[in-house]
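Once you've had a glance at the structure underneath, I'll fire off some questions.
Letters A, B and C mark the chains in the order given here, with residues in each chain numbered from 1 onward.
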């Protein structure tokens, strides 16, 4: 069953056709890689799927619901989570508080319950805090819980973003260049982590430049070039696809 | 409503409207160069009129006006240098609040310097009872001065931004500050110049309209609000739109006096502002992206 | 130095009591009047602190909501419904105890809306206006909200000054005291001064409690997320539009309630309360105290309002607040209490070489 289905989606910015009639499917329980040279439209596609931009044409279905053009918080409520390439942690909040925001879609207390500090909201807060710690533990940063996120190292902030996205217990996790700025050892750790995420039953769509990472963790890889999809197959087949080779290495 | 009365309202509307348009153009110049909306714009108009009145006691009128324009332009430069220039990547919130504070300081400074009284320059030609006849309506010659000065300002700016090196550099600075800087354009000084230019045209407008409307320390704020309304109505950053919008708003406001008690004249403008912001923040002539407001820094 | 919440409240309570005792001891018991008024202005400012500090929105219209609260309750509690006693609506109000008889200045009896009912009406009106204003404008960015709220505040001010039914330039007076609970009332004369003082600051404490609870709740965290990285907040399921609107309405309602209470305390209200200068003043206070820092805002409000009401700023009241605003925004954007003075000096002293570009 396709958890995410993108059908003939296009997006133009002024004179630039960033995404042109792209279709792809992400099957439940799999890891799908999305690669392509710079400017290929990967980030734009990501933004379209996660609701930060609306496509000019085409459809995007998540869990059989049309989500194109819907705001990000609606997709989040349906079970979609994402990380950002240029980290967007909440700098003045602690790491744990950052991850607790990830539980927003799994909790309910609003303005009134918050102001009145009702017993139900207190119970919920304890549950949120515990779930956040669990997510941080899974990612391996539980020790950073009370450190302000703004003073963490780059790699640690990446961990916080990941834990935050996982805390939502998403059905689909969108990873936006998760290996950017990581060294080889950290990248290997990340690959293992993605594997464990997959074992948990979370479907993953990952945009990445680091070939070894993508080819290593993905069940299928889609390749974009100048806004169009030129390949969509298991990693080995993609690596041997002459069009793909040409795009990356030139004639 | 007789034709003469209608014409009177129209003329009054066009007169005020052109002043609002000049204020709006001042907003646009600074906004285009910096992304800032300068709440102190109205105070430049006030300062022009007040300074000119003081100078006029000792020097002939044309010199007084020139002096006032120069002095206000200097104030504009000072404001930019003291309050805007050295801020690094300020947030929109901070800048809004700073320009509001500056507007208040300028106003209170004027109160200290000149007191509460209203004052005005003498009529440029003729006096308060001279009137030209036009289609049965009696129009003060000062009205022609106002309209003429506005037209002159618009024409000058049009030439400046369209055909001079400095004007092109400012447009480059407005379009993409970093790229302009990379081309060797002194963007920081151009920002200061944008304040100077806005202050100068505001001051000129303040001088030319003061015989009709009188000037006092408090006229800045209402002018700023109306000028902003016009700027938004015409599309923020679009000075051609500002002129059209200014005339429209001026006439609407003027005609409203015939329907509502005068106390509510301001309410009309403000309601129009709210309506525009709600319905079409890009204004009558602006583009959709413009209503998203420029990124600063 | 971070105190526990209980310690913070304790310190606050101690300061309130100390101020009262000191004033009495120094023979300046009349200070309490200005301090009480400061308390009500503080209510208006606390909501704004939340709005500016967490939702990152500026409102130049808080005074407008304050005026809506004050004028609505003033109007309803001073109008005389006795000529319309027979009217079914009025009869219903009387039956529900929403309209009550009260003595007027001349010893006769008039029928007016009860202060509680008037307060509720004022709050509903304020909330409705806030929603109508907020929904369209919060979609847009910073300057637009500032301008829209400025326009709104000016409209309220113009209407207040220009409408005879609202007392025009003189405002409304003769507003009866507001009996919150038997034995506790807002308003009255010098004899009730101490009671009013503690009641006012008690209400501020209550508001602080509610707002501090909010900040440390799921909603407060979501607001902090919006402030920290709005896109990430949206990606995590935070409906930023709804939250900003909620915060805007909350700030408006606190200002409305503050207006109601101050009007009953002063037994009247005038159009200057609606003026834009008052809104600017509120913004200045929030800036000084630190946006989002409730205790900072409270301290700044208590001090600045008291000084202003005692007349220490003389004729330069507006100038002082304008100057404060500029100074704080230039040098202490996080509020004076959070100021990092060393970093500030380091920035000012060695100038960068010219030619670089910010």
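Assume a residue touches a chain if its C-beta (ideal position, glycine included) is under 8 Å from a C-beta of that chain, and two chains touch if they have at least 3 such contacts.
The model shown is predicted, which means the values in this text are computed figures rather than measured ones.
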item	value
Chain with minimal offset from the mean of all protein Cα atoms	C
Chain located farthest away, centre of chain B as origin (C-alpha)	A
Centre distance in Å when chain A and chain B are each reduced to the mean of their C-alpha atoms	49
Averaged-CA centre spacing for the pair chain C and chain A, given as whole angstrom	42
Centroid spacing, where centroids are CA-atom means, of chain B and chain C in whole angstrom	33
Set of chain B residues in contact with two or more other chains	none
Chain C-facing residues of chain A, complex	50-52, 71-73, 76-77, 81-82, 84, 88-93, 97, 100-102, 104-105, 107-111, 113-117, 121, 124-125, 128, 161, 164-165, 168
Complex contact set, residues of chain C against chain B	52, 56, 58, 60, 133, 136-137, 140-144, 146-148, 150-152, 154-155, 158-159, 161-163, 276-277, 280, 283-284, 287, 316, 318-319, 321-326, 329-330, 333, 357-358
Parts of chain C lying in touch with chain A, wherever the complex brings them together	210-211, 213-214, 217-222, 224-225, 227-229, 231-240, 246, 250
List of chain B residues in touch with chain C within their complex	37, 83, 87-94, 96-98, 100-105, 107-109, 111, 177-178, 181, 187-188, 221, 225, 228-229, 232, 261, 263-264, 266-267, 270-271, 273-274, 277-279, 281, 291-293, 297
